[in-house]
């Protein structure tokens, strides 16, 4: 590397009274921070390499390690904050685009936290989910405007294919390539166990995951990686990815070093070649092109799968969503500006898009006004952090949510945001065999199932408190929401009242 | 059922444990010429060197015989076996009936024809009592120049033990190098150097022609006329199976007593195990005596089970030795030199270690491993199972070879390990 | 019987099994005291073997018919009623005969002055062997697999 | 004054805010269509005085205008004569107005602030219906919603044929006396006593809520209101009152009239079986139940309620799916009774042949005998 003006970001505090020089930190750090000095017979750290992934901290058997923010400060300047200066220095050294992993970390408002939920008192009873049934079952897919029922009660209307979810949550599109096969396996197994779905992302479907196909949404993105007839027919649903919240308008790039044998085979590309997904689909330059692709995919899958179209939440999201619905999509997926990614240009990630909360509200309103809201499903994504966020998203109008970052966190991700380096110390965002095996899918699956199981309990408690015993009755039920610390304009856009009103 | 076992070492203990696995009731009688419960013969050199206390010489707990309901007859010598009567006769006249008899009488040291040896001022290094005599002499400061005839396994352990007591040992060997039964020339020289560093002196390719006497033992005269002074003479010139009890009986024997895969001699009710028996050699594919401790136990165990009525085949064995001098380890197994000419020999020599592998048709036939101990059993296993090593032959030669280096299928088999995989013994 | 099995596909090579094996067989059973205050702490009975991404922890298989017990020249090795192969370390003289015959290479040696073997005793008395309970990735399991 | 919705500087009323309320309901019908006086229903509802607090009471009566049975009977409240004139002008433009008259009332000391109360017997002008491609019913629905939302100081309290709603601020028995319901004869009567928790009460906000010949009296609080409302808005129902009763009425209208679901099916939408039960159903039944929940999930009325739906063809009483509000039913001869409390039935029918408590979500359906379809208008 040579000389660098960049000071370390973190310092490694090693408690010498606790450290037994067992070298676990040395074996576990993929960033070459810890090393054992044979002469001194002690472990030391190259702090400049530390990304604060916590692998060493968590595995240190004597709790001898703490990673702290490097205490060096620049002269105080409210315009030029430390991060601005550091990023600038980095670019001055490299001349490149700044890259980032995971979602937008900037201190922009998180509207979930400005929305509060309602509960029943006196005039209607709250319901105890431990004593009464509490239903979270959710169907995603196109619904007819009305049903025709014969006099004998028989169903005369044929219902389009649906995804049936035990709870309104799914695992976001994360490709094999951007994450490890073990991580994909965790998502697939957990989805199966939970009765929900995961999404392949643009990585194709690895042979070993075919058995989870009934819980798989297969994605078709601009690079068409891994897309073939079998792929389209085997999944439970198909998703056309137009955009992603973390990088609206930007394509994807999986560097060749991650395109190892299995990735290459699954994506159907040569070994070691860069996998580049173009920014647009080059066969979709307009809404009518999208319609053609939607129906091409339906045709290819015998009209047996619901087709979703995923877009990033951008300024005109409501109109775009309406167009997507009318183009024949059964599910519209909207990814907010805090959505995660394996790698995105930092400036794009931090500055493009709109919050998912507003996007849900705007889309739900628009579709309702057009009288087609009940006919399509809306899935919201991008920084759903907990069960309360899900409840708020559904109350704002989403049918279900996708979680990506939260699922990865459950598997072990510590949000160090260095996914793009391919050296994920938790075995998630990496293809290096010695790192991949760090994620035991069995443990990952248990943790992820635990998370969603916990969330289900919480959602049931919240619903019970509201006096509701089916998630259906929360959809678009904005009466259950009140805003705090929001301008009246923001309240209007969210379609909710201020707390106290 | 009445069981009689002649001898009380590894094969005998194995037989008791084998019988008791099958038959908790029958009467077991063990007859020993010695006056100790079963002790470890390989430990006698450790005892002499002061590394092991007397109570740790015994290979089983003191209540072993009681717990296994064994009648132990010590200091009793069998004079005759009478297969027609199904009895064994003790020298003092007593007859003991048996339904099944195990000959586990072991071997006796060989006394080479040397002039003057009849004066009996020499010692063997085979029995506990031998060592106690030597120990007494040394403790009485009667020894200043010990001399050992024979640089085999016994002679070398004797040399090490005595040297550790601070005495300058001289070893006279007929052959060109030490440990001729288990080592080839190069590793033998390496071990020899280690021993010389500790003050052991070797004289090769000489025999002792004569023992000279003054008032006491003075020394020996070698085949070339050279004289060597000594005041303690230890004869370690090899051992011979003790077949004298069956010499007259109608059963096949060569050097030892021939046994089938059930450790049965030609006489239905008489079994043999241990150094006295000619069991199956897996590598040589013939019956022969393999005088090693683990093999004796295994054979005894198999014999015991068969005697008690549970048909059990012995898988056979081959020579395996672990020995060490002054902390320098030697592990060998199987053959160490080319015999048929189609063997492939790979070697790795380093200042303090040596590894030699002998392959035939990509199967490991034997190895010599000096200075490094770890994982040696995997080599032994490769030999025993006759595994095709073609794909990982080079890896075996590398330091630190372990399960990790096996092809995946074999590795996984080993990792699963344990369940019913190991047949008794692996001598 | 219940045995310890390694799952190589999940071993991360951290060697916490070795570290905690030592702790489990130490006097204090406290990791910091063991390593800071017990210079004569025992050697680990488990070894992690590693070659590139392939690694796994390995220890005694507790064979049904253990060659090591048959071969032991001192009677230090024995198999108890539960099937655990145990070593009486006071009796072991470090002759390495057991190492010579162990078909797994699973027997370890005490480092330094003490010339004797150490081997896994399944942490008898503990609900679960230390290496198993301290493996961060469930790459070592303690279970009954029966005959395969 | 009776309290206009559009007045400034007043307390919030229905339509401005959500007002939860507890209530008493009662419904009585003769399945053969035999007419009986309003006295019975007044008697029944008055026994449940404790369940209301004097801030709202009302009745729906069917079969009361046999002479005008082909005309939509428009019951209206006006704040002022000026308001009335504007509406009447509008009516004349769009409808044939057969008759317009003040609804006779009596002076009752506790009934204050009553608005101008009128009824009109009207028919939509055929050419206009044709012009906008609507059935007369559809046209009526739009017009009622338009009047309610666009005309200052005017409110349509009912608009069905051969039926009418009589409601106001007060205890129901006082309202009954006020409207002199003893002098009306109908074959089906429903009544409502209201217990709103935070409003002085507004005449228009009193129950029953009606649309065409649907009338709904309701006890409960619908926690799914926001969802139901947005769903209805998708089908262009304007929930201007923001009441549960209004939402329930529109849902019935949409499911029965517009989507033409069988009555039992519509009830199943409002109070569907749990998934657990659905899984145990026979295949065909399960298929329908699944589809209904899939497509009409937003029509589920979630939270405590007991509802009586009145219509020309009969009466339906239904509870929420876990029966969080009371509902009792009884039969005696051709008479069917439903009420919040058994006492309200026994008061008017001392020895019913059968009394039962309907299970959660299981509708009690009283169908006029000569009628085979619930959807009266096609």
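As written, the chain order gives the labels A, B, C and D, with residue 1 at the start of each chain.
Just so it is clear, a contact is a pair of C-beta atoms (placed from the backbone, for glycine too) under 8 Å apart; a residue touches a chain by one contact, two chains touch by 3 or more.
Keep in mind it's a predicted model, so treat the numbers as computed, not measured.
Upon removal of chain A from consideration, the remaining chains are partitioned by touching into the following groups: B, C | D.
For chain B, the chain whose average C-alpha position is most distant is D.
When every chain is reduced to the mean of its C-alpha atoms, the one closest to the centre of the whole protein set is A. Counted by C-beta pairs in contact, the busier of A-C and B-C is B-C.
In this assembly, the C-alpha centroid of chain C lies 80 Å from the C-alpha centroid of chain D. For the pair chain B and chain D, the distance between mean C-alpha positions equals 106 Å.
Inter-chain spacing, taken between the CA centroids of chain A and chain C, is 43 Å.
Mean C-alpha positions place chain B and chain C at a centre distance of 29 Å. In chain C, the residues that touch at least two other chains are 55.
Annotation, chain-chain contacts: A-C, A-D, B-C (touch as defined at the top). Interface residues of chain D, counted against chain A in their complex, comprise 18, 20-22, 197, 220-221, 223-228, 230-231, 233-236, 258-262, 264-265, 272, 274-276, 284-285, 287-288, 291-298, 300, 302-304, 321-322, 324.
For chain A in complex with chain C, the touching residues are 17-18, 20-24, 27-28, 58-59, 61-62, 427, 432-434, 437-438, 440, 442-443. Chain contact summary for the complex, chain C toward chain A: residues 9-16, 19-20, 31-32, 35-36, 52-53, 55, 134, 136-139. On the chain C side of its complex with chain B, the touching residues are 3, 5-6, 8, 49-51, 54-56, 58, 61-67, 70-75, 90-91, 93-107, 109, 115, 145-148.
Note for the complex: chain A touches chain D at residues 120, 123-125, 127, 132-133, 135, 137, 139, 143-144, 146-149, 151, 153-155, 157, 159, 162, 364, 368, 371-374, 395, 397, 466-470, 472-480.
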